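Note sheet for the following structure.
Each chain gets a letter, A, B, C and D, in the order it is written, and its residues are counted from 1.
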Amino acid sequence: MSINVNIREEFKPEGLEGAGFFATSLDKVVGLARANSLWPLPFATSCCGIEFMATMASHYDLARFGSERLSFSPRQADLLMVMGTISKKMGPILRQVYEQMAEPKWVLSMGACASTGGIFDTYSVLQGIDRIIPVDVYIPGCPPRPEQVLDGILKIQELARNEGVQRRKSPEYKAMLDQYGLQ
Amino acid sequence: MHQSHPQTTNAAVQQLHDSVLAFLQENVPGAVISSHIDYDFPLFILEKSHTIDALAALKSAQSMEFSFLTTMCGIHYPENKGAEFALMYQLHNMPLNKRIRIKTFMASNDLTMPTVTHIWRASNWMEREAFDFYGFRFSGHPDLRRILNMDEMTYHPLRKEYPLEDAGRHDKEDKYFGR
Amino acid sequence: METSTSHLWDYFPILIMAIVAMGFVVSVMALTHLVGPRRKSAIKDDPFECGIEAQGNARTPFSIKYFLVAILFVLFDVEVIFMYPWAVNFKELGVFGLWEMFTFMGVMIVGLVYIIRRGALKWE
Amino acid sequence: MAKHSHIGQAIAPATDVVDEKDYTILNLGPTHPATHGIFQNVLKMDGEIIRHAEPTIGYIHRAFEKLGEHRPYAQIAPITDRLNYCSSPINNMGWHMTVEKLIGCEVPKRAQYLRVIIMELARLTDHIVCDTVIAVDTGAMTGFLYLFQWREKIYEIYEEVCGARLTTNIGRIGGMERDFNETAWRKLHAFMKEFPKALEEFDRLVTRNRIFIDRTVGAGAITAERALEYGFTGPNLRAAGVDYDVRVMNPYSSYEDFQFTIPVGTKGDTYDRYMVRMMEMWESYRIIEQAIAKMPDGPIAANVPEFFLPPKELVYSQMEALIYHFKIVMGETDLPKGEVYHSVEGGNGELGFYLISDGGRTPYRLHFRRPCFIYYQAYPEMIVNGMLSDAILTLSSMNVIAGELDA
C-alpha cells in the first residue's frame, strides 16, 4: 500500500529511493523536519507587528509554510521573529528571550528598525539587533510587505534544511556565541 | 522670503481671550505677564509663582470651567537668557468648546514647578514626561521618575544642546551627509 | 493444564503492543536527547518572566480556589470516561443500560447543582 | 495554613481579606501575547483578582519629538505614520493640516473630500483591528480571519493612491499628491458594495454572542467623570457616555458637510467600547458614501508652490517646478514664525500637533498630543479588583497602540 509521495525537486534530498521507502542521511531528514515545522516567536513591537498580523491572517497566511502555531514563550520557539523597533530599554529583554529559546534557534530580523535602527537614528533606539544577538536573516522594508516576510521565512527554511545536526555543537558556533557574550 | 501670515482673529476667539484675561486679572492679580492670540488659540503667559493658582481658578470657577487638560509639555528656549525653559498647559472647556493655552517661563537653574496632578489627574504622566525630557522638578508629584527613557539615563535628551543621533552609530560619517 | 497456558497465551499480543509502545517512547526520547543540540546556561534555566529577570520564587502559596476548580473538573471528567464503555456496547445494553447511565448521571448532576448553589465555582 | 482555617466547614465562598504579603506577583511583561504591544504591568494578585497594578511603558520610545526638531517639514510626515500605525493616514492628514494652518493656505474642496475618504477608510482599518482583537481575546478567531480580509482591500485602495500599505505617507502640505486613478475608484466602489455584508456577518457573529457578552459586559468599566479626569478622548470616552468628537466639535477638512451621528455608550466597559467602535464603522461607511456622492471637481492641491511637491512630469518640464522640487526635498523652504495647535479625531482619540516654528526650515518644537499616552494612565484603576482575564480584555478594548504610547 505504498503511496508515491512526490517531494518537489528542489526540496528533495539525495538518497536511495525504493518502493515505499526513502533512505537518506540523518542530517537531511532532520533538516527536512525542522524546516517545515518552524514555530515562530513573534517578538512584535511596533508597525512591523501589525504587518505580521496581516501575514498571519487569511490573505497571506503564514500557516502554509508550517508556521501555524505561534509560540509566545521561548521554550517551544524555533524562530525568533524580531519585528519593529527595539529601543535600548528593550535590549536586555530581547537578549533574555533569545537566551531562553530552545536550541536549535534562528533569528529573523523583520524591517529596517530591527535590522539597523531604520529611520529612528535617535538616542533611545538600538541601531540594529545584531549588536546584541546573532541574526540569520534580515528583511528590508518599513514595514516589509507580507510577501517579503514570506520570502524571509523561506530563507530561514533554507538555512534550517541544510544546517545538519552537528552545527550547534561545533566550535565555530560556540565562538560566535562568545563573541556576543552569550553562554 | 516668507511673509508672516495674519493671525486669524475671528470674533469668538477674541471675545474668549478678553473674558479669560479679565477673569485672570481680577481673580489672580499680577499673574498675567502678556497675552495674545495665536491661530485661533488665546495664549496667556503667566508669571511662574501664580501659575498654579491661575490654573486652579480656571478649572474651578463657574464662569470658566476649563475642566479638561488637553495636553501639557515643556519647551526649551536656549537663546532667551533668564527664561530658558517654558511649560505649556492647554485647557479645554468641552461643553462650550473654549480652548486656551497657558505658558509660563523659568530660568534653567530653578526648574521647579508645583504639580497639577491634584487639579487634573491626566497630568500625572505628562509631568513625568516633561521631567524625563527636560528635567522639570514637579514638587508634590506622587511618583516623579522617568517614564519613556531608561531609568539609568543621566541627561535630559530633549534639551537643545544634546544631539539627536545615538553616539554608537559609525556608518553615517558626516562627510556622506554634507555635515 | 494446557488450557491454562493457552488462556495466558491470549494476552501475548497485548504484551507486544505494550513493549512496542514503550519502546517507541523511550527510543524517541533517547534519539532527541542524543541528536538534538543542547545548551545549558544559568539564564536558560531561569523561569521565563516575559523577558524580565525573575524575582522571588514561584513556591508562594496560591489561592485554594484553583485547587477546587481543578478537582471538580477531574471529577466530571472521570464521569465522561465511564460513558466510554457504555458507548462501545450501547446496542447490547439497550434500554436497561440507558436507565442505568441516566441514574448515574442524575447523581452527578445533583452534585453539580449542589456545587453551583454553594458557589464553589464563583471566584469572589 | 491558619489563613484557611474554615476549610473544615462547608465550602462557603471565602471572602476573607488576604493581607498584603500573601499576594502573588504576576508580571504581565513586555513580551506577552495578550498585551498586543510592548508595555509591562506588575500585578499583585489575590488568586485571580488583581489587587494592585504598576504599569511601565517606554519600551519603544523612539524620540519622535526630538526627531521632529531635526527634520524639515516635508520629511516629518513619514514619522507621523509611525505614531498610530493602525490608522496612519489620519496622522498624516493631521500633520499636513497643522502646517497648512501655520502657512494659512486653504485646501481646495476636492482635496478635502478625498482626504475625508482616506481618513474614514483609515478609521475603518483601526476599528477592524481593535474589534477583531477584542473578539480574539474572548476566543473568537473566525471574526479576525474574515474581517482582516477587508482590511487588505482597504490597503489595496491605499496602494493605488500612495503606493504603501501600512505607513502610507499620504497627502502633501497643501492637498493630495495625486487624484484617485481609475483602479482606485473601481476598488473603492467594489469595497463599498461588499463591505456592509462582511461587517454585518461579523456583527452577527460576535455582538449578540452569549459568551462574548458575559465576558465583556462590566469588564474594565470607567465612569464619564473619571474618564474626563484622566483625559480620555475618542471611542473610549464616548463609550463612557461623553459625546466629544473632534470632527464635530472643531470640524476640519469640511467634515461639517457630512451627516453622521456619534455613537455613545453608557457604562464605559469593554462591551461599550466594542459597540462604539462597531457603530463608528457604520458611521464611517456612511461618511464615505456621502463623500463619494458629493465629490466636487476641481484641483486637488492649493496654490502653494513652495510647499506642495510638484508632480514629476512638471519637474522634468518646467524650471520653477524643478527649483521648488529641489528646495522642498532638500528642506530649504522656511516656514513663517508662529505657534499653532491642530487636532484631528484619530483612531483612539484627539491626536493633536503642537508646532512652534521660529521661521527656520525645521520646527523649533513639535509636541504630539498622543491619546494613548494620556488615557493609558487610567488602566490600573480600571482593572483593580477585577479578574485577570478582564484586565486583558480591557487592555485590548482600549486599543493602546505602543507606537503612539511611547512616541
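Annotations for the structure displayed:
Convention: a residue touches a chain if its C-beta (ideal position, glycine included) is under 8 Å from a C-beta of that chain, and two chains touch if they have at least 3 such contacts.
Small disclaimer: the values here were computed from a predicted structure and weren't measured.
Touching subunit A and subunit C together: D. Counting C-beta pairs in contact across C-D and across B-D gives the higher total for B-D. Distance between subunit A and subunit B, defined via averaged C-alpha coordinates, is recorded as 46 Å. Annotation: 24 Å between the Cα-based centres of subunit B and subunit D. Inter-chain centre distance (subunit B to subunit C, centres taken as mean C-alpha positions): 63 Å. Shared interface positions of subunit D, i.e. residues touching 2 or more other chains, are given as 29-32, 58, 61, 63, 66-67, 406. Under the contact definition stated at the top, the residues of subunit B that touch 2 or more other chains are 148-150, 157, 164.
Residues of subunit C in contact with two or more other chains: 50-52. Chain-to-chain contact here is organised irregularly, matching neither a line nor a ring nor a star, and falling short of all pairs touching. In this structure, the chains touch in the following pairs: A-B, A-C, A-D, B-D, C-D. Considering their complex, residues 43, 45-47, 49-51, 53-54, 57-59, 70, 72, 84-87, 89-90, 93, 97, 119-120, 122-125, 142-143, 145 of subunit A touch subunit D.
For subunit C in complex with subunit A, the residues that touch the partner chain are 35-39, 41-44, 46, 48, 50-53. Contact residues of subunit D toward subunit C in the complex are 1, 4, 7, 10-15, 18, 22, 24-25, 27-32, 40, 46-49, 387.
Residues of subunit A that touch subunit C in their complex: 26, 30, 73-75, 92-94, 96-97, 99-100, 103-104, 165, 167-169, 182-183. In the complex of the two chains, the subunit D residues touching subunit A come out as 29-33, 37-38, 58-63, 66-67, 78-79, 81-82, 85-86, 129, 144-146, 148-149, 151-152, 155, 165-167, 402-403, 406.
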